[in-house]
Amino acid sequence: MTVQKTERPPSGPTDVLKSDGEQPKDPGKARFRATALTPYLLLLPAIAGTLLLLGWPLVNNGLISFQNLNMRQFILHLTEWNGIDNYKDVLGDEEFWRVTGRSIAFTAINVVLIMAIGTLVGLLLARLGKKMRLLLLFGLVLAWAMPIIAATTVYQWLFAQRYGVVNWVLAKLGWSSMAEYDWMGGQYSTFFVIITLIVWQSIPFVAINLYAATTTIPKELYEAAALDGADAWKSFKNVTLPYLKPFLFATTFLEVIWVFKAFPQVFAINEGGPDRLTEILPVYAYIEGFGNQHYGMGAAISLLTIVILLSLSFYYLRLVLKQEEDEL
Amino acid sequence: MKRKLIAAIGVAGMLVSVAACGGDDKDKKSGADGFKGETLTLWAMDGSTPDAWTKDVKAAFEKKTGAKLKLEVQQWNGIQQKLTAALSEENPPDVFEIGNTLTPAYAKTGGLADLSDLKKSIGADWTESINASSVVDGKQYAAPWFVLNRVVIYNKKVWADAGIKELPKTRDDFYAALKKIGDKTDAEPIYLPGQNWYHFVGLTLGEGAELVKKDGDKYVSNLADPKVTKAMETYQKFQKLSKAPKNKDEATPQQAEVFAKGKTGAFIGMSWEAATAVKANPKIEKDIGYFTIPGATAAKPEGVFLGGSNFAVAATSEKQELAKEFLKIALSDKYEGALAKESGVIPNKKALESNLKGNAAAEAAAPASAGGGTTPLIPEWGAVENPPNPIKNYMTAVLNGDSPADAAKKVEGEFNERLAKKQ
Amino acid sequence: MKRSLFGRTWPNVVAVLLFIGLVFPVYWMFATAFKPTGDIISEDPVWIPFDATFEHFKTAAEADHFWTMVMNSVTVTVLAVVFALIVGLASAFALARMRFKGRRGFIVGFMIAQMAPWEVMTIAIYMLVRDADMLNSLVPLTFFYTIMILPLTLLTLRGFVAAVPRELEEAAMVDGCSRIQAFRRVILPLLAPGLMASSLFGFITAWNEFALVLVINKEAEAKTLPVWLNGFQTVYGDDWGATMAASSMFAIPILVLFVFLQRRAVAGLTDGAVKG
């Protein structure tokens, strides 16, 4: 099992290369003993840096979330503790629950699409001849490589109201009402653009890794299945699927975490608009915090988002740790 | 004036020497170039500082104080987030332009220095209505710079091509003229994006409508008022003639730059936007004309939003004296008059309004300004203008086919929440 | 196994359609960037830019501060990657080769750090950086990016270090190398692919980062390309040619890096050189 990233790793190679790394060894057998301090010294920069630049902001975020921190306090650097008022406000505001529900639905739709299409494309890769496979891999790698903000900009152009190529195609296909359709004007149409973008960006990761995983399935298993008289579907169900299950499981979680915090895509496409109707939790936290200048509230929303993400991450970690048990 | 200037210098000198007594050796300054080596950072909004005025004021300021002036031009969209952050930082802009509708909100934050003494020294004859937004709880938190209202800026050539001989006097004439342009030429009759909310505010003023109303001691949305609806319907009628995006405001893209391409009959903008157009396409200059936005009847022009700008000094700026020196120069009769002349904006003193004579844009703006107004000058208002501004969203919703009542309902929650949030 | 004509054809047809769908946005970006404005705003799209022009690239490259921001992006990204590699390699070595108390805890800790939601911590980070008077500087940005990409770098390298046969290292040490020499002469070369792979990840993460720089570096002199590109559209509005040229220039380094490493990737994949 090789997958252990939350940020989408940008290319295929690493997974391939990395995977041959995990050979369980017993470090206790080391003949050459360094002093007991050496490992800690080696780890020190990484740990100190992480605590300072990740841990401290996290703690600070917690502290801010218990403060009344608006324009005035912000400008004058005042610290006004207000207990759990921000949380009361946030949790008592139906807007928060609406955004949370929206974030969950948004994540679910994206992940289902990404996993379904990604898996199918991965299986297709395994079935193609060498030339076609290379062609499709090239397309996947290109979509994968596209930087996020460049991609959002391009999608804005593809879906532009005037001269946008999508509207032109739709009009030519007979939907004449789509000729000057304003995709950013409605909640669902904006989400459609964002979801298309995220799915497009995400399929390559799933497809390429899934294809890589299928190549590791021992041929003998298929031969055995064929001897048992299994048809294509049966051998997929009995051989391929069980083999890929842990991979699919882990990838699904990664995609969930990744899509849940897809701030740049949503923000850059339409800043959560129209009417704040496409805000997902990280964007909501930003708009409430920086946009509406209720920094304490924003921090409280951030913390709630972090809690949700952490619980998702823990579930994923348990999964990974179980698989890596021997090595740790 | 001369006397005042001398007095001003005297006051400044006194304050400086008091500061010097404090033992802060940074403040050892006196005479003409006592500020040598310092740099005053000025934030001005996009369009407010015309070239010649900026150059002259900079030269005068640098000559008088020996300090440098660094002008940083800001965009309106998202200015509050940027300003709040900057005011909280170690090195805020020393002097900044702030919109009149935002001034009360910032006065309440403690981020603006008290300019009461400046008012005493140079502001005795500031026009009261223009100064109103700068005064909160009896204290002077900013210095009024200018106000102005929008006019119709049109392309004479396009109008001639359409065979229009006379400038419209009523809203219906205006519409008919634009229609004619649409029929007879291949130009876009008017460029009016869906979120030119300042123009919309003007229309509501014309209908005598209020955007907010009092509900007990709180302000709440009044967008559902039939008068607001009427204003929106007028906006929509004209917007239908435009191909401009319904979900963008007049600055994205800059409407003057669209107009500069010569394929637009007219747009509703501020006098200085003509300069923006000329910069983008010098050939357009000879075709640019202005007229007052026509109202329902020929007797009364359309309601307009009196957009105003004040100068404020950051409370935490270490260059309070230098900042005031700058204000005394920039707001002096000489440069205030020059600004009125160059940009066609209404200056902060009645006596200087004569500078507007002969400025075509200003002459077109003047008839409407008497009937102009602003958004409510309450501290709660600042939050409303933060993006996503619910009024802009209301406009886009209507233009995209919602009934005004539905659209008002849609944004009401957000609007009220913003008006109610503690500062 | 025999397959019908249909059975043989459909995968290829689907593959071609997918290929078009995947590549089209990237193609359209470049195509638009090269098209004269008249072709961009034409009622029927011009599919191939026959009258290619560099005009839009010129507009974008001559935009205020473009080159400053290129320099900023490159500086921040490269430094962050290098720092993360150095710090990460030291830690990876400890975690893969040494046994000590808390080792497992550290690994889990870095796995959690890897999922850190930086996007929602911007308020806290802004205030810390502000109070340290370090806004609009590349220094905090570089260090934050280092920590952002460190967990992935570290965990990836751990796998590679563990994969180097211990016997090799031991053999080197028998030959009289010190442990450090053994590491430098024997292990490091074997780690090259791992270093390359993790720097690629790191590079992309830092190059793409948007939320943090949006908040802590508001001055043009200290912005990076993603924020510039996002703001470019506001300034250039409907000038899609220039906007797409700007996007292209932002995307090219990453695309080139990929094409450069892609052969290795695809070769590795097609050879089935993957172990579970």
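Assorted remarks:
For clarity, chains are labelled A, B and C in written order, and residue numbers in each chain start from 1.
As a convention for this text, a contact is a pair of C-beta atoms (placed from the backbone, for glycine too) under 8 Å apart; a residue touches a chain by one contact, two chains touch by 3 or more.
Nothing here was measured: the structure is a model prediction, and the numbers come from that model.
Here A-B and B-C were compared by C-beta pairs in contact; the pair with more is A-B.
With respect to chain C, maximal separation of chain centres occurs for B (centres as means of Cα atoms).
Computed centre separation for the pair chain A/chain C is 15 angstrom, with centres defined by C-alpha atoms. Separating the CA-averaged centres of chain B and chain C is a span of 43 Å. Across the assembly, chain A contributes 77, 162, 290 as residues in contact with two or more other chains. Counting partner chains per residue, chain B shows two or more touched chains at residues 88.
For chain C, the set of residues touching two or more other chains reads 126, 238.
Per the touch definition, chain C reaches chain B in the complex via residues 126, 130, 133, 135, 218, 234, 236-239. Taken in their complex, chain A has these residues touching chain C: 1-2, 4-7, 9-23, 25, 27-28, 30-32, 34, 36, 38-40, 42-43, 45-47, 49-50, 53-54, 56-58, 60-61, 64, 77, 121, 124, 127-130, 132-158, 160, 162-163, 165, 168, 200, 203-204, 208, 211-213, 215-216, 257, 261, 263-264, 267-268, 281-282, 285-286, 289-290, 295, 298-299, 301-302, 305-306, 309-310, 313, 316-317, 320-321, 327-328.
Taken together, the chain C residues at the contact with chain A in this complex read 11-12, 14-16, 18-19, 21-23, 25-26, 28-29, 32, 40-42, 44-45, 87-88, 90-91, 93-100, 103-104, 106-117, 119-128, 131, 143-144, 146-147, 150-152, 154-156, 158-163, 166, 170, 173, 179, 193-194, 197-198, 200-201, 204-205, 207-208, 210-211, 215, 225-226, 229-230, 233, 238, 240, 243-244, 246-248, 250-251, 254-255, 257-258, 261-262, 264-266, 268-270, 272-276.
For chain B in complex with chain C, the touching residues are 75, 77, 82, 85-86, 88-90, 252-254, 257-258. For chain A in complex with chain B, the touching residues are 68, 70-72, 74-77, 95, 161-162, 182, 184-186, 271-276, 287, 290-294.
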